[in-house]
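Take a look at the structures listed below.
Note that chain A is present in both complexes that follow, paired respectively with chain B and with chain C.
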Partner chain A sequence: MAVTAGGIGDSRRVEGLGLADTARHAWAALLLGWRVESNWADPVLFAIYTVIRPVSSMLLLTMMVAIVGGSADASSRTFVILGSALWAMLVSGLAGPAWSVLEDRERYRTLKYLYTSGATLLVLLVGRGGSRLLIGAMGSLVAILVAVALLGLRIDPAAVDWPLLLAAMLLGLPPVLALGIGLAAVCLQTRQESWNYPDAFSGAMFLVSGVVFPLAVLPRPLEALGLLNPVTWWVAGVRRAIIPGGPSSIGGAGSLWTAVTGTDAPGPAVILGALFLTGAVTTLVATALFRGSERRARDQGLLDRTTGS
Partner chain B sequence: MSPTPPDGAPLPPAIEVAALRRTYDVKPRPVVALDGVDLEVAPGEFFGLLGPNGAGKTTLIKILTTLLLPSAGTARIFGFDVATDTRRIRRIMNMVAGGEQSGYGILTVREQLWMFSQFYGLGTREGWRRVDALVEAVGLGEQRLQRVSTLSTGQRQKMNMARGLLNDPWILFLDEPTLGLDVSAARSIREQVLAWKAEIPGRTVLLTTHYMAEADELCERIAIVDRGRILAIGTPAELKRRVQRDSIFRLAVDRLDGGPAALARLPGVVSAALASDHAPDAQHVAVNLVLREDAALGGVVTALARMGSQIRSLGKSEPTLEDVFVALVGRGLADEADDTAPLPPSEADDDLAAAHAPSHDAEAGR
Partner chain C sequence: MSAPHSREPAAGGTPRAMTPAERRRAPDPRAAADWTARQTAETNLRALVGRAYPRVRGMFREPSWLFFEIFLPFLGTSAYVLVYRALRAPEAYVGFVVLGGALSAFWLNVVWSMAGQLYWEKSQGNLELYFAAPMSLMSVLLGMAAGGLAMSSTRAVAVLAISALVYAVPFHVAQWWLVAAVFALTLTALYGLGMMLASLFLLWGREAWHLTNVMVEPVYFVSGLNFPVGRLGAVGIAAIATIPFAVGLDAMRQLAFPGSGLLTGTPTPEAEALILVAMTVLFSVAAHWSMGVIERMARSRGSLSIRWQ
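Our next item is the complex of A and B:
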């Protein structure tokens, strides 16, 4: 029923939220995020954040590999290009919910109105994070196209494992958003300096996700941490789907994976299974963390705190 | 006409607060923003919380609107507990705060309101229909396609008011809604609220303000709040009758060494406080005097002459809410800056909490 229906005291007005309400809230948050974050009104800003930044990062890393690696073969270059292109999407997904908390609270001063609107804050942040993820995906796509045009990246559409790519995306994006929700939980408790947290956290994730180098080069504890990280499996799944038979970030000589399983690299089924498991655990932990943070924020009066931005 | 729910049962109070207490854990010592507040507001009432900055008004509104948890005590909105029934409460209430520039600057007025209509649970078309109706009702028809960032302060507050009415709340919380607005914009906001409330019996408004005239004009009942406590509750007329027995004078002098406190110490003077409309840069000092009897005036005039103050004007006046406030609190709203009396450890307010909270003013960036 419509939210405004019923007179004063009509109990129908206070019925619980249904699935349709939750979907509406998420969709509106996605639209809001798209309108606010995409900076359509300022094409230069949009280009910088969405296109130039990821493309520059990718070019930088590729050049570094070419210079440092010297004789690095085409497959190593492809490994780096795909990893760094995906990174734009990952960073957007990680940062989206956290920046939404900070922007809505500090800059737009709307967080208190959103929080008391009847919509669930978690759903709103997933919607806002989703819009950033979409924008990040655009950056990733552009970066890959640039790599095809300028860096000689070869992707054979006929050879792409489309089902694996779809499955990796479906299973991989929720935990990416969940990590962003976890970061938002932290930002809900902190102040303005937390604008830097998403970048700092992304930097740390860069190390343990097998994005530009195999996990095997890391010390064993970090390598183990990387194997528990759903982003590692997501990146590995997407790589494997786009360039079947290409180098893997997970296995290989001297790797923890090979030492434990005796196999050179995980196959598609193992990748998806590990992605599902690590993703589910990450999502549950992030949701619990956010619920606790939300409760504490309400207790401490942090939901409408502004610190002078 | 009092509202009756469809099933005929009597409505619970719109607001029911018992022994409500809120403490902020800040250093060097905890600050008590609400210190055992009891309050009941009936459905359909226009109720005002009147008090100086930091009295605890905003803390109370934050608790009632589910933004903040109480430290102790209970608070209910139409029977729903603010600590546990938050979802239900949020469906039947809304809030509008003044003195802030909230909104997504990149969106148009229409877009911004529609987004919120979706968060309030309205359908897509119903949202647009309601947005268009409210935009006209608050007088933003010409600005409806204008970006929020281009609106004036008054226009933003009108938009904020439209947002506050989107979900057709049973109870509307207004936290200093006219703060920082010019006379015309403030009047417009007051008229909108009154018109909205008059449309349907049972619509309830809780207004916090430190503008005495606003509270007097709008509110059916008023609670005078100071330092986390409710000092008095009643209709404006009832509250004024409390000081009716005293003689109230409005005094203007060229200078007043020692401030109103110098007069408050004189025999027969109940209270002396700077008038709330007193401008700091004015050529005279305006003081509201409450005397036990007219005869005490002689002593005041003599004392002023001794202090070297020249009287510019002196007149007897009918009691106002400001006089009530001064009589109850011992100081006027305009005296806050001069208030040198230290706060007891157990009495504090929002400003204190804010003052004790660590501040970070570094420019946001990414």
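Our next item is the complex of A and C:
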């Protein structure tokens, strides 16, 4: 029988791992994730749900700054508000793949079927995580708008460094998803109780990312760990792009950065370079971790395990 | 002849204890179904212990729990401590954050492992078994609460102890008996609320899953997780009147940091203890009533307890 390209008997159809197939699978997973996340409520309720968490987090931190009063100046307030608004996106990106594993395995019990589909589990989880990241991005955007409208956050669109913002987003979001994939690798091995793990992990990341306070506040080993964290550079890049000239979360008096480099704060090029490097390493490590976890889950029969407590 | 409270196995082995149903010999099924108060109480107690068992036992079967539920939440609490340190806030605020971080373990447990649990059991197919079993569903809810309490107490004690040591939090407790009473009342009110929400969330179906998500950060904000709730004015007072986490946290702060002068605008700890008593009674009665409604609906409609309905 003659074998035609793309026809019956073409081994490439069975493998299905070409770039186009991978993109198609990721897109399908993203759409699936969006529908799962959004079709449980009418659009208005869904919009409220999407923004209520990031806005509440932001208000919590804003209240902390407001209570301290005189000792916190306007720049500290801006620093905290912007960082906490951005955090919603990060939490969604971290939690997305891990929750997809738990939902599909324990709640919908479809993980084993998804696993045997043509798409790889990694691509499916990137797609599902991507949809949650999108929802988180919507929450962050609305939180920033609320901060501008109600909390006195001043953003001058003409002063925003749009190319830096775009570059920071493009370079920063893949490592955020990669961290989520790393958490998904952990959740493949653990039980239903792992629902809290992404929140716990993001809480810990909050400490070493310079989101709401400069890294210089941390002890030196933790500060060094923060500098190896791609989220630190992503937040620094976005913050610098939106509020050029604002306080840096990385450099400044007493910081490790200033002690080592002698500069007050890293410039845009350095931020993007560091983001690319730390992001690439994080993505590679997370992918390797996931591959190992996936292999073990398949060997140990964890893909269709359900637990309860 | 076998002992009156044991039954010999079919082929050798040790005799096993008779169940309450076996213990009372009856001439016909109708008479057998007519249980004494003791039989009912024993069965409910066994159900309570049986439901608490997997939660307590599960703690020892998932070692990753220690890292994700104790170490990482400590880091998350540390992040908020450092926010205040970066803002050069008075040291008393560090104590507020540490106490809030410890008590939040119970709120998270109520939200994730109580409020959403019956819906989760339904998804897993266990709920039908609960309705069919000859026991009160309240004993299942109490078992869930008891097991959850063991899990979250471990986290709360660890976060409190480690944070208090690392950040040298100065507790000045003068009324230990009142602290113990307020703590116990906070837990009973919290888990009473959890039992009530478990029934409601079951009725709301898929939305319940998302409701658990929005009950974290918004409640943290209005309850003053990291700052004195009295600073929220009318919103804080409303939280104290309705949310056990808010009133319990404020009372504990007033008792642990009596001379700080920062906790104003809220009732005295004694008055807040009375509010907690009222909440405990209200939520427990409401939980009992709503569980009765749910049980009747499950039996009459036949679909409430079935997966995907």
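In this section, the second predicted complex is superposed on the first by the 280 of 309 C-alpha atoms of A that agree within 3 Å, B and C clash if a C-alpha of one lies under 4 Å from a C-alpha of the other, contacts with A are read in each partner's own complex, and residues count from 1 in each chain.
Keep this in mind: contacts are C-beta pairs under 8 Å (C-beta built on N, C-alpha and C of every residue); 3 or more make two chains touch, one makes a residue touch a chain.
It should be emphasised that the depicted structure is a prediction, and the values quoted were computed from it without experimental measurement.
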May I ask you to decide whether A:117 touches chain B, chain C, both, or neither, giving the answer as first, second, both or neither?
first
Per the contact definition in the header, classify A:303: touching chain B only (first), chain C only (second), both, or neither.
first
For A:156 in the superposed arrangement: first (chain B), second (chain C), both or neither?
neither
Between chain B (first) and chain C (second), which, if any, makes contact with A:60: first, second, both or neither?
second
Taking the superposition as given, does A:191 touch the first partner, chain B, the second, chain C, both, or neither?
both
Which of the two partners, first being chain B and second being chain C, lies in contact with A:217: first, second, both, or neither?
second
In the overlay, answer first, second, both or neither for which of chain B and chain C A:27 touches.
first
Check the contacts made with chain A and report whether chain B or chain C touches more of its residues.
B
Give me the intersection of chain A's contacts with chain B and its contacts with chain C, in residue numbers.
41, 106-107, 191, 193, 195-196, 199, 308-309
Mind listing the chain B positions that touch chain A in their complex?
3-7, 11, 24-25, 43, 62, 65-69, 78, 80, 87-88, 90-95, 97, 100-107, 111, 115-116, 118-123, 126, 130, 163, 167-168, 170, 200-203, 353, 357-366
State the interface residues of chain A toward chain B in the complex, per the touch definition above.
2-4, 6-11, 13-14, 16-17, 21, 24-25, 27-29, 31-32, 35-36, 39, 41, 99, 102, 106-110, 112-119, 124, 191-193, 195-196, 198-199, 298-301, 303-305, 307-309
Touching residues on chain A, where the partner in the complex is chain C
40-41, 49, 52-54, 56-57, 59-61, 63-65, 67-68, 71-72, 76, 80, 106-107, 186, 189-191, 193-197, 199-201, 203-204, 206-207, 212-214, 217-218, 306, 308-309
Parts of chain C lying in touch with chain A, wherever the complex brings them together
54-55, 58, 61-62, 64-65, 68-69, 71-73, 75-80, 82-89, 93, 108, 112, 120-121, 123-124, 126, 147, 206-207, 209-210, 213-214, 216-218, 220-221, 225-228, 231-232
